[in-house]
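Consider the two complexes below, in which chain A is the common component and chain B and chain C are the respective partners.
== the complex of A and B ==
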């Protein structure tokens, strides 16, 4: 038998082993564990603020850790930092490339980043000496579009790309520290674990991967979706991962049981999930869809308990502030809305 | 590029795939009953700290200006 054939057989055998090992610990289901609790009552959130100012589709937003400021990116070629309480624009940063797809706020509040079809991640210093916001670094090496970026600190950022890889960068030197390769399709989204030791990526190969940042390895791969994964997030305690896909469903995968525990789906929902964010207790899952709505799910009972209807076009991004006080949605209708 | 090096790179890719699968197969797994119970416990224990779940009284809502009476 040739070596290729041997390797193929070994790969198939290992895949069967993984399937069997996952089944072996499947002594129950999340439905059973949650059988004794009642579905949360109808959740009715109201729009408290509308952030107006972008002139084109909004593609991404990210809260600052202070739960007050947030940054949004639009294909009008601007990054805007908003005070969500006063609705004032703290900064309006013109971008070199208007084809932006993602933005991020550093945990310190000092930096923001963005990127898109320019294949680069640009880092901006909000706290420069003369008060002007300037490009601090341009991280270039990806051979595909930048789909998502998230800061670990002021000196490190992780990016995901249409070139099927994720990269850990040293912002100071502008170099790649680690390339995380393994996905067989465009990487669409990433999220960092609460302890900053791991990150997860969702891709167009329909899988989500858990990566150990310092070991530079892929620990686990989760399948089950029937189309591209567009959105991904950690359950607040860091032990589970939630994904949103073009197959119109969201799924929750437990990291320690190494398998899917539940799917959030409804026969009435037939359009793709674009974005998602859990509430701070994890009990609510807010997910944005192509049909202009955000559906609110009871994460333990997998039932829809609310809808945020207010945008006139696709909801492209969603985020819950760190203190859990509000949810922000961004849309192709050029507006951001703050709800609670 | 000769046929040989193309075949070699497919081999290297296949070897890497097997190595990765071996790593993923070796993960220590806990029982679903335990995993699910702990997710449920986390949700229930933190429910009172979840404003979107419990609702926010307008007096405590930073996004809602308190209604003020103007004394003329």
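== the complex of A and C ==
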């Protein structure tokens, strides 16, 4: 297998060259850059509302763009749209398959989507003519479980799946428009950039990839984690990607420097990160862990500045509303809590 | 799986075989378990564990059989001898193994060994005898015939054939028959074949892709980390006042006070926006465009400058990008008519190269056909109109008129101080709470908690 050996050697040498090129632009450390900014001090958020109603583990939640409504999915087979201020349930949608792993709210507020072990993404129309919430489309083509989905608009949605691919769908026709293949492990999560031109996906091959939606290609790949990447998000200015992994660390990768710039880790944390969300200014990073807590990190100084402890089971999902007012956490203890 | 076997038996690249001595007879073409593993590792570049697994499957499904302990259908990675099963006896070609054949085999064995069969074989023999009694004569006749024919072969060949047959039946009629083997065989044959061939070709594809991607990545422009980090710091500082978790919000946080005044004041179409909101428009062009009120204001300004068609064009392109697929052709047509056609009512000024490219693309309209033109106009507005807007009277007046909401507080208990935001930062001045009764515009009654600290 001389040929295989040669190819391997070439791949390795290219990798070394890239590492060297990345090192060459590292002319400053985080400590230096963040030396001048004011300290945040202890951040204490309190639970303002608890949304009760699910009967089983909550696996995903997503805020609506109006910052008042949010949708959550639980393995009791229900998708519930909450008015988070009054804690009323606006819609309780029964699902065909109870093994749901993700949910999403469309930016327009008209649609919600969910999917899971049924390998399909089901789209529901909330503003139907007769007031009933019905399935609008069932997007089926994945050969693995649906781990995450996010709307681009009312006509397009991106899904990531356990079959190692991400797919861009046309909701109207229910067909696949583009398949983004390249990961070598289950894709666990995805996030869309603020300008809707790119999206990032984190997978079980320990890498995160930046994809160009229009070109249908992978622009950049970021490695460095030592275990599955469970959660991923954009820094609010769209220039950096934050990932959370089972190796108990979160990392910030800058898109322009093409490398990891900040790692959020603490020797006292030994359990994996399940979900993360940056605050609106990007200064704070909220990350949910397997040890039932949410840690609040100072994103620029890489220090822990707070803890949200209130759940009795693993925190499975977290989201900050688009006006930055509140953060919502969902947990396996079947409750959603709104913190502020 | 069979491809693997064929590859293994290839005279040049296949396994090296030796003559093995079994008791006094020499068995030709045998190989050791260790050799099998080594060959698999080399040929398919897999690790030892995988090779053991694949080799084990080859033995389990009868493509290779052990010579020393024929009943132990396992691959030992040592000096134990193995042989390839002849294709005649491959499970895939001959399954399902018929009862008749088994009966014949057992009958032959019975005759040859003069009744000395293994326990389970004896049992099965009698069961079969009962079941296919009607053809028993045929069975015995066949058995005798086969034995006679084999006596005419050389001893070495005879032993080989006997071994092969025995191995075949050990696989297909194992002593402890829990699951019908042919069911699992079907699944696993497919799995094994695919596994071996795909694994090899998959490795090549993965390597090729990695090399291609690495080459592209090497050529990329990388920005210094100091610049990037500074960018984050600046962004956070700029938006700090807009981050309610860090800074709290006015008039009061609806989550704490249950007073939705904040949202009412910041709703899309208010007569007077808040100061924070108007300030935000100066942070970046996208912020201005993303806020509907900001966009409206900008449009008013452009109308004064007689360049409103730029923003209209940009908006139409956005609708094209994010709208329904079925209306794409229709929208492209409209955009062309209104903005790009010579003599159009709201003709936009695009450079000739982009215009040519766009016109070419319109012939086959798709969602992103207007991208280049849209980018051109976007940058035109960003570099030219936007900075002038920020310096204009229109914007300055808006900023001056904008409300800075007063914090609401409970009039009954002025002594009560609740944190304005849950997390007091030591960096912020914790100032006194002596305030007049502020009235936030559009707020309800002052049913909110009194807040300490003043607005920066």
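As a working rule, the second predicted complex is superposed on the first by the 331 of 340 C-alpha atoms of A that agree within 3 Å, B and C clash if a C-alpha of one lies under 4 Å from a C-alpha of the other, contacts with A are read in each partner's own complex, and residues count from 1 in each chain.
By definition in this document, a residue touches a chain if its C-beta (ideal position, glycine included) is under 8 Å from a C-beta of that chain, and two chains touch if they have at least 3 such contacts.
As the structure is a prediction and not an experimental result, all values here were calculated from the model.
Student: Should the pairing of chain B and chain C on chain A count as a clash or a fit in the superposition?
Tutor: Superposition check on chain A flags a clash between chain B and chain C.
Student: For A:327 in the superposed arrangement: first (chain B), second (chain C), both or neither?
Tutor: A:327 sits against chain B and chain C alike.
Student: Based on the superposed arrangement, let me know which partner A:30 touches: chain B (first), chain C (second), both, or neither?
Tutor: Both: A:30 reaches chain B and chain C.
Student: After the superposition on A, what does A:8 contact: first (chain B), second (chain C), both or neither?
Tutor: A:8 sits against chain B and chain C alike.
Student: Identify the partner contact of A:170: answer first if only chain B is touched, second if only chain C is, both if each is, neither if none is.
Tutor: A:170 contacts chain C only, not chain B.
Student: Looking at A:38 after the superposition, I want to know if it touches chain B, chain C, both of them or none. Which is it: first, second, both, neither?
Tutor: In the superposition, A:38 contacts chain C only.
Student: Taking the superposition on A as described, I'd like to know which of chain B and chain C A:189 touches: first, second, both or neither.
Tutor: Neither partner.
Student: Quick check for you: in the superposed arrangement, does A:160 touch first (chain B), second (chain C), both or neither?
Tutor: A:160 contacts neither chain B nor chain C.
Student: Applying the touch criterion given at the start, work out whether A:207 contacts chain B, chain C, both or neither, answering first, second, both or neither.
Tutor: Neither partner.
Student: After lining up the shared chain so the two structures overlap, which partner does A:261 touch, if you call chain B first and chain C second: first, second, both or neither?
Tutor: Both chain B and chain C are touched by A:261.
Student: Would you mind checking which one, chain B or chain C, touches more residues on chain A?
Tutor: C
Student: Where on chain A do the contacts with chain B and the contacts with chain C coincide?
Tutor: 4, 7-8, 10-11, 14-15, 17-18, 21-22, 24-28, 30, 32-34, 37, 40, 43, 45, 48-49, 68, 85, 182, 218, 220-221, 235-237, 239-240, 254, 256-259, 261, 279-284, 299-300, 320, 323-327, 338, 340
Student: So in the complex, the part of chain C that touches chain A is made up of which residues?
Tutor: 42-43, 45, 203-204, 206-211, 213-215, 217-218, 220, 222-233, 235-240, 242-246, 249, 253-256, 258, 260, 262-263, 266, 286, 322-326, 368, 371, 422-427
Student: Which residues of chain A touch chain B in the complex?
Tutor: On the chain A side, the touching residues are 3-4, 7-8, 10-11, 14-15, 17-18, 21-22, 24-30, 32-34, 37, 40, 43, 45, 48-49, 68, 84-85, 182, 217-221, 235-237, 239-240, 254, 256-259, 261, 279-284, 286, 299-300, 320, 323-327, 338, 340.
Student: Using the touch rule from the top, collect the residues of chain A that touch chain C in their complex.
Tutor: 1, 4, 7-8, 10-11, 14-15, 17-18, 21-22, 24-28, 30, 32-34, 36-46, 48-49, 67-68, 85, 152-156, 170, 172-173, 182, 184, 194-196, 214, 218, 220-221, 235-237, 239-240, 254, 256-259, 261, 279-284, 299-300, 306, 320, 323-327, 338, 340
Student: Report the residues of chain B in contact with chain A in the complex, numbered from low to high.
Tutor: Interface residues on the chain B side: 10-11, 14-15, 17-18, 20-25, 27, 29-40, 42-44, 46-47, 49-53, 56, 61-64.
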